[in-house]
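The structure that follows is given in the form of structure tokens.
We call the chains A, B and C, going by the order they appear; numbering starts again at 1 in every chain.
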Amino acid sequence: MDAAECAGLIGGRLIGAGDVVIVGIADIAAAKAGDVSFFTGEGQIPATHATCVIVSEGAEFDPATPAVIVVKDPKLGFAKIAARLNTSPKRTGIDPSATIAVDAHVQASFIGPNVVIESSARLAVEVEIHTGTYIGKEVAIGRGTRIFPNCTIYSGTTIGEDCTIHAGCVIGADGFGFVRDGAEGYVKFPQAGGVSIGNNVELGANSCVDRGALGVTEIGDGTKIDNLVQIAHNVKIGKRVVIAAQTGISGSTVVEDDCVIGGQVGMGDHARVLSGAVIGSQAGVLPGKIVRKGIWWGTPVQPLDEYKRQNALVKGISRLKDEVKRLRAIIERSDDE
Amino acid sequence: MDAAECAGLIGGRLIGAGDVVIVGIADIAAAKAGDVSFFTGEGQIPATHATCVIVSEGAEFDPATPAVIVVKDPKLGFAKIAARLNTSPKRTGIDPSATIAVDAHVQASFIGPNVVIESSARLAVEVEIHTGTYIGKEVAIGRGTRIFPNCTIYSGTTIGEDCTIHAGCVIGADGFGFVRDGAEGYVKFPQAGGVSIGNNVELGANSCVDRGALGVTEIGDGTKIDNLVQIAHNVKIGKRVVIAAQTGISGSTVVEDDCVIGGQVGMGDHARVLSGAVIGSQAGVLPGKIVRKGIWWGTPVQPLDEYKRQNALVKGISRLKDEVKRLRAIIERSDDE
Amino acid sequence: MDAAECAGLIGGRLIGAGDVVIVGIADIAAAKAGDVSFFTGEGQIPATHATCVIVSEGAEFDPATPAVIVVKDPKLGFAKIAARLNTSPKRTGIDPSATIAVDAHVQASFIGPNVVIESSARLAVEVEIHTGTYIGKEVAIGRGTRIFPNCTIYSGTTIGEDCTIHAGCVIGADGFGFVRDGAEGYVKFPQAGGVSIGNNVELGANSCVDRGALGVTEIGDGTKIDNLVQIAHNVKIGKRVVIAAQTGISGSTVVEDDCVIGGQVGMGDHARVLSGAVIGSQAGVLPGKIVRKGIWWGTPVQPLDEYKRQNALVKGISRLKDEVKRLRAIIERSDDE
């Protein structure tokens, strides 16, 4: 790709040579000749050996830089060019050590060593299933989805197109539902539902999505989930939701489209996070709570402004205590008079 | 099973036809002919196509429902019938790709592809070990226990009967114990103990139970543990304990029988949670703390009532501050006079 | 090893017979003849059958104990002797079911069943790779490092010497970086960097270390990490750092040498924890925060003393409220007069 093509791809204004060839990506300090890089700030761009730098209006660049592309969001532009440049060869072939049921419908381009694919599973074209991953009965996986090593996809799970499932994920294990039977202990509530994951979803390493109890656990198109996240049975996650690492979402909770959830957040069951809400890291959402659009913080969650105001008030208790002491002294003195 | 058998199984009072046949389970809205469902509330049951509905005294049902069973706890009754109806075929057979030590004692009904079973392991009858799971030396597994794909059971672990271990669990890895040796850094404290898990225990996906340092980490009969939970070395969990997702319990802590622990709870080492305690999600138990029977909340944990009272007081700081301001104004005015 | 050798190894003062032979380790109560044990307190040592007990100055021991070794830190001494006594046989051999690329450079002493080693990986002597672990392209692993079952080491990861990576770890999965593209949703930011782990590092079960986005995620020599920990892209962890279970560290955060981080701690991105800082369990470090040497607690983290003082003030609100009420009564009474 040359700089002119890069500029075209991201709708940017090219300054300099359009015909310099871009072969790699790097951050501004590490970039070398042939690399494209980006700078998000205003003002002077740090010295760089990049052949092409993507900047926003107002950045001051070294006029010796071979090519500069001006766009509104340089980081986004860089990400798009990087995706296009990514020429890491696709994996292909069916490893002879894979165990594939005779009635599985496998069009996948890559099945790695020791993969197991059970009866009636359906894998579309361009699917990659990496080493040691287990695909249960009647699992359906859409075109272009890649599942990395040592994942376990239980029976009845549906995964859409162009998803990335990182190593160690477990999808479709039983939800956590038990009914107490007096002194006898717990009887398992049936966990007989499924999991449905949309298109273009990313699931981080060692994350878990449980199957529904009687219904389906759902994750919408374009949602991105980090490592070690727990999605319980019957949860519904909307489209384009971002969930950072180690967050846990309890049973039947709904997270609507375009929410952003920080890391280590805990959500009780049957809560509902309305479209566009942003929840800060380590926050706690009580069972049944409705969280509206806006920025939320703390346990239990409250609007960020209120959280800050409350924190400032707590910080001020010491001063308040001193003030009360002072007033008491005045009163007692005047009582003495 | 017909409705009369269902009623008999759960000790319920049958209203309607005892001879209608029940073949499936569903929630009230999704149920179709042949299904059993349940309704826990009082009042009017939503419209349903279920052939049999389990209800509690006082529920108002459509008289056209073929069979209704009245019991004290409809959800429990439903769970028991569902367990009986569950005819998902048991897995059987020893996959030729499994690697089984010649001196392992394997009576198991199912050993999946790529399973590895080391020397002197003992697997009782009706045990299922699924794809890619590793069973270390001298591991003992009781009758009817199922271990799902890609688990790692380190040497010296004992697991009882009728347990369910979900995919990705790690049982018997080294506990986290190191001794600081000045500027040299850390020397590993020996992690030479074992793990002992009772009967009828469920362990959620990607959870970890570490081996004891010099003693044994124990989990009692009937205890249910969710996904991504961490149980450290030498912890003792009693019987019929419930632990929700992402909770972590530090070394040598004891959780007695019949406790209920929420999600994302953290417990320090050498704490003791007495029988019957309930600890809310995201709570924190300090090292060495004794938590008595009752409901506990917050970090550090306090009785729920106290937690609520304290929270209300914090919420009231603003008003308190206003009140102090008002008093000061009165005092200063009277001083001026 | 006899008791004299033990004393020599740890620089302790031997009391009693130097020629008694030590073959095992145990805690003081469980020890039997032939075992070495230790006692860290002062005063009377509990009754024991240990052949050798390691104690500190001032401990009162049964004069019938065959050998006693007096050192400054008995637990450290015990750990060192235990490490020397550990004669658990090393695993050796290359299992025929392993899939090893022809151009991988494998000097390892043990490659377990179903291990997969990709092209150009380099495994030094005395390396052990256990059952079902996946080693990606161009991964380099130093002498004596052991990787337990079902781990996934993505391409481009470097691991030093004498490391222990427990089962289920995922090293080098993509970091969590996306750029919002308006209503379209998210575009993946390239995750093209690597992971570099030093010597003598321990990583607990099911922990995750993500690859750098454009740079490298680093973990320094002698650092010990517990189970289910999340280390995000471009994080730099120094030497001899201890991180307890379920802690999460966000992108580009730096933890300098000799820090101690509790369990379930959350750190925002681009924070910096300076050398020697200690952070209590469940604490939260805000993005960009600098945490200095000392003991820190709470969310957001504050010095432990301040945290305690603040907590005491909050606990005192009730009393403060009563005091204000009392003052108001006085004022109103005097107003009435």
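Everything below uses one rule, namely that a contact is a pair of C-beta atoms (placed from the backbone, for glycine too) under 8 Å apart; a residue touches a chain by one contact, two chains touch by 3 or more.
Everything numeric here is computed off the predicted structure, so don't read it as measured data.
Chemist: Using the contact definition stated above, find the chains touching both subunit A and subunit B.
Modeler: Joint contacts, listed by label: C.
Chemist: How big is the rotation relating subunit B to subunit C when the fit is done on Cα atoms? Please round to the nearest 5 degrees.
Modeler: 120
Chemist: At the interface of subunit A with subunit C, does the proportion of residue numbers present on both copies reach over half, so same, or stay under half, so different?
Modeler: At the contact between subunit A and subunit C, which are copies of one sequence, the residues are largely different (under half shared).
Chemist: Would you kindly tell me how far, in whole Å, the mean C-alpha position of subunit C lies from that of subunit A?
Modeler: Each chain reduced to its C-alpha mean, subunit A and subunit C end up 26 Å apart.
Chemist: Could you list which residues of subunit A touch at least two other chains?
Modeler: 97, 114, 132, 150, 168, 206, 228, 246, 264, 314, 317, 320, 324, 327, 331, 334
Chemist: Give the list of subunit C residues in touch with subunit A in this complex.
Modeler: Residue list for subunit C touching subunit A: 97, 99, 114, 116, 132, 134, 150-152, 154, 168, 170, 173-174, 176, 178-181, 185-190, 192, 206, 208, 210, 214-215, 228, 230, 232, 246, 248, 250, 264, 266, 268, 284, 299, 309-310, 313-314, 316-317, 320, 323-324, 327, 330-331, 334.
Chemist: Using the touch definition up top, name the residues of subunit C that touch subunit B in the complex.
Modeler: 25-27, 30, 73, 75-76, 78-80, 82-83, 86, 95, 97, 112-114, 130-132, 148-150, 164, 166-168, 200, 202, 204-206, 221-222, 224, 226-228, 239-240, 242, 244-246, 263-264, 281-282, 314-315, 317-318, 320-321, 324, 327-328, 331, 334-335
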